[in-house]
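The following pair of complexes shares a single chain, chain A, combined with chain B in the former and chain C in the latter.
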Partner chain A sequence: MSGGAKLPVRVAEVVQVNDLIKRFRFVTRDGSPMPAFSGGSHTVVEMDDHGTRRLNPYSIMSDPADSSGYEISVRRDDVGRGGSLYLHNHVTPGMEMVISHPVNLFPLDTRAKKYLMFAGGIGITPFLSQIAQLSHHGGRFELHYSARSRALGAYMDRLTAAHPDRVHCYFDEEDQRIDLPRILANQPIGTHLYVCGPKGMINWVLDTARAAGWPEPALHHEEFLAPPVGDAFTVQLAATGKTITVAPAQSLLEAIEAAGVDAPYLCRGGACGQCETRVIACDGTIQHNDHWLTDEDRAEGQKIMPCVSRFAGKHLSIDR
Partner chain B sequence: MSKTEFPPSIRSRPVYADLEPRPGRSHVAVADGEGAEAIVEMLDKAADRPAMLAALHILYAPGPNGTDQWDSLQALGAAQCFRAPTIPTLLPRLGRVVADAHMGTQFYLAGTEGLIGQAERDIMATGFPHAAIQKEHRGSTVRRMQCVHCKGITENVATDPFKCSHCGLWLFVRDHYSRRLAAFQGVNIDAEDKGEIPEPVVRFT
Partner chain C sequence: MSLDFTPQFDGFFRNETFRDDFTYRNSPQNIRRFAFPFDRDDYMYSVNMEPHTPGRPGSVFEHTFDVDEHYVSEMIDRAKVLAQDPLRCQSLPHMTLAGWDLLELIMESKARDYPQWFSLEKDGNRWRWINRPMGIDQTFTFLDESTLPYGPFEYITRQTQGDFSLQDERDGTLWMDAGMITSQADWSLDFDIGMNFHEWHAPVPLAHEMGVFDRALKFLLKLQHGAPVRRYNWTMTVNPLLDTAPETYPEWGHMRTLPTQENMGHMMHLRVELQGLFRLPRSNAIAFSIRCYLAKFEELVTVPKWGRRLHRVVRDIHPDVAAYKGFLRNRDAMVEWLSKYDDGKPTSPGWWPDDEE
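After this line comes the complex of A and B, so read on.
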């Protein structure tokens, strides 16, 4: 089945962390242990949002050593497509849900001597499981975590209490900025850099590190894109002979699935490459929203990533 | 000419490229024998040669064929320039340099495969990505071989097959390379038919 094996789970706990963030704990329905995962993994949560099927990826933030459940933290996005609103407004303890087995697109490179981490806002979640994992073997890390305000700095208390000398917090509201050049200059050889947060932050961190001579294989980032909302468009599925219309708040992948066609995916956020699909005919413009295809791929126009990308024009036919 | 074109082989066989100056806060160049020429040529390509020299640490040993181009390196005027009599005496110094290095350091290795491989092994042991270490082969093509049977290393192997300097088995020289051991693999050539040992041919000079 596309997207890998499913895990039937029960919601064990829902906790309001701050004004914008809720934490959800999932356990197996039969009390058996959850499948093992490594720090940085995510799970895709399936939702039946009043007839619309949503599958959104969320980083697992709990300790990989805890096999009794997975925890995710979800930031409410009032203008998004509704996945986070559904979780915030409708998911309550005791509910049965289906999630995917964990997939790790942001794993710790275990050869590193030290991990230098940069988190922005809700981008803290993969680091929580990674730091838990590192703490078990005494792995060296240094976390720089920026949030809009003290009230919105989720899990800062927990992190600074456990690792007072390794966690550094910054607040936009108080005009505190990460002194990136100084931090980058002080890292021992063999340090790997990890960044997760808003796009602007990721680009700033990576570009500054590259300019300072950090090599590409030591730079790691993760950014899940929510499928953007856009205009409706029509697509011909050449392999199955169907023609479908993608609604404004629906992704192409979701529309393919809604038509009963099985399509591959893993992250549903434009990062993993699993959903790559061949373009058979295109009279118009593909709106590439993924981080997977290269500029050359885009110029050739032979591929599309249905989990996040859209189309505008007369005719699009894809191999699905 | 000190450059060798290695014929295409299995994926395991290391390949090399010309050293290119890269931006960095410091630079470590390790070379033996004719590898000195690669360091000199790389510096000729530097956009800001004085700045690169001011942040450059060179470690050098003569090659296994006796080539000693120390003078050409010393004349460059790098911030630090160290000469060791042999590779085994160069490596402890490299270990110290690497232990004190910070991210933003660029590594340039040039010379024989034995020097390049051992320096790469020691640098990547810190967690620094091996793919980010630049390597340019120059000079002698003799090989550093591990006997897959007794695990002993024989340095500067010139013939194929060759006799393991530890256990005495006759070994066939494979292109199968171990980055962790910094050695090609030697496999017993007469394991099936004892005593049927082809005449050793000089393949590496």
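After this line comes the complex of A and C, so read on.
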């Protein structure tokens, strides 16, 4: 229940987009329309990866006005924990799966006069649904999209064909770089900035905008962290009296759930704050991998975000 | 254009007033389904949210939007309030999409839950909406404002019991950027529109110290589409006035001095607000519905468990809370009147009337 309402779906289509990316289309099992959603939303896909339950968030990239199905694009991560590999290697058309109702942690501010978007790599996906939404309602936008190479620039053709004046593409291999200071200086008052991509890119864009005097409420970013792989560790769940072991390729949240304990979450990527849990005792080091807790929170050591954070040391007891 | 409607009372819906001669009352069947808000004999403010899932058949929880015998008369009263004061309905320009979301949610729910009264036919974005109790038959284009006599938010809330507001989510908080407020207890839309979550809750005593709003906001921000929640609030109102907004205080304020032991049962009403919160899909906004239920003390005490419990709650409530809810001046008189219906027997847990009663 803690993840909210679920949608039982069927995989309608799987498309190899490029060497690294596959696109998956989900439809309802009974042919009824999918719930409407807003551009920038994600859905949490549930997977039974050979006995390990994985729940990974992916941005919905399809047009919010299309209620016949949702599409996600997944980049294969060969060294990660396996969620993307499971989708790439085992999910085929016709399979039944369960996904969450859409959740939007990266919504468009509907008061904005213009939307200035920066995408890096697979970070393009939330912008695809946002641009589709803006196109229906006549919203102004400008997209700067950088990818490693032409071959890996997913959906660039589609975007530049539909919006030739508004979409600008850059390729690392060709040493093309976004001229950020100039772009930021040329925006009308009331522009909101959105960035999604690798951490380095997000920090660069936000820091440059702040230094140029952009107000904080006009700056928006989204970064889902994949739960990092690490050493196994043991945690005591004080509220339920259980002691669990978190495996190297498992998150603390997944281990809590595997023990039959219901824990709150929303993004499962260290961004939304919902899984925040009180630390009761800690003899060791909490590896804070989220970007929710403040530096003060971390210094106090009273809170942990189980969706992405880990622990090393003698003893950890949390309020769950 | 305007919303022309021809009320159809048809034997179920009551033809009654919430002003002047105050002919509002509850039928015996409706008393037993009253949204009695006390599940125990003492009361303390809490946020008490729970999933808004279909509840006990026949109760106010059975359907997403409860339609009861007061529906048609409440809509007539709303139209009167709006005719005098059009600012009771406002929607900032960026909230239009959220208005369509709400219209769709209400039309689909009512057509599904009350097929005898409402129907919705869709042919792509061409929709036909029939509201039989109000005598409305409207064909329009979804997402095209020019095809309705009002904006989507005002159109649908003129046909739905309860006040509504729409909250836009920005900067980690919620902003009340649209509202239809014609039956609020001491609450002014004109004053609150454009405020954020903490600003519009500022007047509740004791609650800030308990940090309940920080927790409530965190809870609301994670509110998900498809998983609405609800909670109760309550107060007391002299006479069945729906509209007790600050703007009209001169018209109703003096009524607070009227109750006596002789007229208390008839004049004093328990006013319950059933609040629902819905995440809206296209706009990502949150709709807040505040449905008001009114019952006279003399109606409530026909359920012995409620008579006993109401006496205990009113007698033991913290004076600050009674003052905030606006009934401190009448509290002793209310306790005196209610005490006749409390024989000191224990009450069963929960809200519902006992079956054998």
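Basically, the second predicted complex is superposed on the first by the 320 of 320 C-alpha atoms of A that agree within 3 Å, B and C clash if a C-alpha of one lies under 4 Å from a C-alpha of the other, contacts with A are read in each partner's own complex, and residues count from 1 in each chain.
Operating definition for what follows: a contact is a pair of C-beta atoms (placed from the backbone, for glycine too) under 8 Å apart; a residue touches a chain by one contact, two chains touch by 3 or more.
It should be emphasised that the depicted structure is a prediction, and the values quoted were computed from it without experimental measurement.
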| item | value |
| --- | --- |
| Touching partner for A:274 - first (chain B), second (chain C), both, neither | second |
| Contacts of A:111 with chain B and chain C, given as first, second, both or neither | both |
| Partner chain in contact with A:217 - chain B first, chain C second, else both or neither | both |
| Which of chain B and chain C A:137 touches, first, second, both or neither | second |
| First (chain B), second (chain C), both or neither touched by A:35 | second |
| Touching partner for A:102 - first (chain B), second (chain C), both, neither | second |
| Overlap of chain C and chain B interfaces on chain A (superposed complexes) | 109, 111, 216-217 |
| Touching residues on chain A, where the partner in the complex is chain B | 109, 111-114, 184-192, 211-218 |
| Of all residues in chain B, those that touch chain A in their complex | 22-25, 98-99, 101-106, 123-124, 126-129, 131-132 |
| Sites on chain A touched by chain C in the complex | 4-5, 35-38, 41, 64, 100-104, 107, 109-111, 137, 216-217, 264, 266, 272-274 |
| Chain A-facing residues of chain C, complex | 94-95, 97, 101, 104, 168-171, 218, 222, 224-227, 281-284 |
